[in-house]
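Quick one: this structure, given as structure tokens, is what I'll be asking you about.
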Amino acid sequence: MSLRPGLTLALFVAISLTLVTVVHQTTHPRIAEAERQAVMARLDQVLPSGYDNDPPGDAYSRPTPLDGASPLRVYPAYRDERYLGAAVEVETRRGYSGPIRLLVGIDAGGRVVAVRAVSHRETPGLGDAIETRRGDWIHGFAGRGIGDPPESGWRLTADGGEFDGITGATVTARAVVEAVHRVLLDFERHEEHPP
Amino acid sequence: MKSILRNGLWTNNAALVQLLGLCPLLAVTTTAVAGLGLGLATLLVITASSTAVSLIRHRVPRDVRLPVFILVIATFVTVTELLVAAWLHEIYLTLGLFLPLIVTNCAILARAETFASRQPVGPAALDGFATGAGFALVLAVLGAGRELVGRGTLLDGAEMLFGPAAAGWTVTLVDGDVFLLAVLPPGAFIGLALLLAAKNRLDSRD
Amino acid sequence: MKTPAIMGHVLLALAPGAAALAWFFGPGVLYNLAVATATALLVEAALLWARGRPVLPSLGDGSALVAACILALALPPLLPWWITALGVACGLTLGKHLYGGLGHNLFNPAMTGYVAVLLAFPREISLWPAPRPEGAVSAAEALRYTVSGSLPGERIDTLTHATPLDRLTTGALSPALHDGTLLAGAAGVWIWVAAAFLAGGAWLLLRGCIDWRLPLGVLAGTAGTASLLWAVIPGAAPPDFHLLTGATVLVAFFIATDPVTAPASRGARLLFALGIGITAVAIREFGAFPDGFAFAVLLMNAAAPLFDYIARPGTVE
Amino acid sequence: MDLLLLAVAAVLVNNFVLTQFLGLCPFMGVSRRVETAAGMAMATAFVLTLASVLSYLIFAYLLEPFGATYLRTPAFILVIAVAVQFTEIMVRSTSPLLHQVLGLYLPLITTNCAVLGVALLNLRGGHDLVASAVYGASAAAGFGLVLVLFAAMRERLEGADVPTPFRGAPIALITAGILSMGFMGFAGLTAV
């Protein structure tokens, strides 16, 4: 008699597991595809155009040139085995209120294709101007590279460099400029292109 | 039947009167679309679980009633989560944690326990639907209000929920932020307080 | 003393500080005061009317004016008028009338309004003009900015002077920390501003308008925490810096001393005041916002009933 | 040091109730007396820590090896229900006095979204066993802190002449809103 509640519960656990598993099996390929699309949509904003490989599939990590941050994640782009450039995901710890993750797209010549903020915790209304939906500031990196501006110019105008700051969010802007510069320097040093 | 609908949507609204399910209500309502997205997901779960609970109401012994109900709800939540992840991936990313947390929306368990476990399938399903719709309505209204006051836009990101054709639905009333506080956490509490007060005011007029 | 008399004293005591700010930072301070008081009178009257309360007696107690003036003096000296007005409106609505008006409110209305606009308009509230003699914003330019929220072209640069607290937050203070020139040059005006508020506060203390435990507690909490951090952490600012910059003195004598939102018992008042100093210095040194006093006041307002609960006996009348 | 930052973040910067909106139902429902709030806070703290450790173990040693991570929601909610039951039995057998204080609140905790929230956030943050326990305990501390503060404020509010439409829940929410404005000041506290 006292077995019945236990058996009922077990039966429902079994039904529930089966149902969830069936739905999981059916949706799994679609979810994997949607996840891939989400990654690709982000990478496409910064990668050089015309690649024919699978950058997430060819991605690898290497140590970051920035202090205390997590390793770089590099997504290389190729066309017909020819190296086009890469998207580098970098984390900087110099943000105002937490780490900032950026995606820096660089072409084979070492010039910035585009920079995008992936995640950050900067003050709403100030530091979030690094998001494309909140400001144009981050577009200022497109086409820049090592030597353009020269070494000493890779700073905010407030610090004697060539990059405008963000009003009220000097720390955020400084962190982003530094991170992009360091990634470019690191990219120049590691011009190995794994197949 | 009318009374069930009226009860769920207004008189006994889960969010505004019983103050159930406040966590998602306050957390995701930074835009109308996010609020509506979670509202619809909750509506789906609550209708399905009320129906299921009503169907099994004679077969479950008293002692394990609650665990079984929670399990039923958790199952529907997981199924919904998987479906949203597959077909509305961007909404899935926006809602994040609060999609699985539908499980702990007290409104769902409360309906299962107090209504669905005592009523036949028809009324139970309708009651679940009405409660869910009432909840979704409040989510959408609060989301729209906060988005409008905070950012000066409406239906931003509609394409996440309604497909690419909806990309043009966004209404920008003011360029740039208006009163940013509304989309920050304090704005959630204050916004809901204003909604509650407005409802109290309306009710006291009748 | 009756409420209107106390409020009159407080307004008078704010005058030296207001004058010092206006002298160093220009006429924008006066515009802020004008906008704030006008809004306060309008909003207060409207809310009293909406709640069905007699308008003139409550308006005459001066509490709304005091809250508006404190808020105006806490804001940057140049600000578009709608931000000042919204701050006053938020403070009086959220911080006062929704709770049933003067005497019932849990949070200081001036600080409620200040934090509301600080979070809503972080960019505008981060802009400070350089103090005299560099700061050359004329009365006409200041008026133009107050009315329209913009200055022509390059002139906006005159608004981007980093206050000493900004420099602490952005880490630009480190050279000055080593050679002891923290409050030299332009930063030195903060000593005068602090002294002016201190003079007004001391007068209130002598007239018996405020409880000495509150300002003393805030200053002690600030100095104590700052000394400790200064001794332990490289890059932290010394205690005199924390006492003399930002809103320290204003909060100690004019905001923490609000009898409605401070705890009622003696022991609790000390805890409350120390808590404000400690929290504010922690936010200044470790947090993202340059000044932590407004947040600290709200947090300790929230803790005040609990402090009273812990230290029940010994109520101050 | 990392664990300390994790704790400060959970108690102050990302306070569960005020910035992450977790655990609001008991927050609005129970917190009218300081003593009851303290009781609720203690019960929740215990369950929260226990549940976050158990969920971690279930996930790392059962769901992940079998590739069944999609089952986390039902699995965690069952773990939480078990943890609540276990706590109740244990408290009843060891300390009848404590059971009298906490007994009332224990069953409520199953549907406290903070508990499931902690379990899921531990996964997101990639916390190991120790970090999960610390995170659970500090989340509970942040929840308890706000619960007790709020209870004391509501006791004082009872005498206030609040405008009629705002009596009860609305003024409580306004208070939570202003308190949450205060907590926004802790932004960046753990960025060092």
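Going by the order they are written in, the chains are A, B, C and D; count residues from 1 in each one.
Rule of thumb we're sticking to: contacts are C-beta pairs under 8 Å (C-beta built on N, C-alpha and C of every residue); 3 or more make two chains touch, one makes a residue touch a chain.
Keep in mind that what you see is a predicted model, and the values were worked out from it rather than measured.
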Chain whose averaged C-alpha position falls nearest the assembly-wide average: D
A-D against B-C, pair bridged by the larger set of C-beta contacts: A-D
Rounded Å distance, chain C centre to chain D centre (Cα mean): 34
Approximate Å spacing (C-alpha centroids) for the pair chain B, chain C: 40
For chain D, residues contacting two or more additional chains: 70-71, 74, 166, 171, 174, 177-178, 181, 183-184, 187-188, 191
For chain C, residues that touch 2 or more chains besides their own: 94, 116, 119-122, 287-288
Shared-contact residues (touching 2 or more other chains) in chain B: 67, 71, 74-75, 78, 82, 177, 180-181, 184, 186, 190
Touch-based graph of the chains, sorted into line, ring, star, complete or other: complete
Footprint of chain B on chain C - complex, ascending: 86, 94, 116, 119-122
Touch list for chain B against partner chain D, complex: 19-24, 26-27, 67, 70-71, 74-75, 77-78, 81-82, 97, 100-101, 103-106, 109, 181, 184-190, 192-194, 196-198, 200-201, 204
Chain B residues within the chain A interface of the complex: 59-61, 63-64, 67-68, 71-72, 74-75, 78-79, 82-83, 85-87, 89-90, 92-93, 177, 180, 183-184
Complex contact set, residues of chain A against chain D: 16-17, 20-21, 24, 93, 95-98, 121, 123
Footprint of chain D on chain C - complex, ascending: 51, 94-95, 97-101, 104, 106-107, 112, 115-116, 119, 279, 282-283, 286-289, 292, 294-296, 298-299, 301-303, 305-306, 308-309
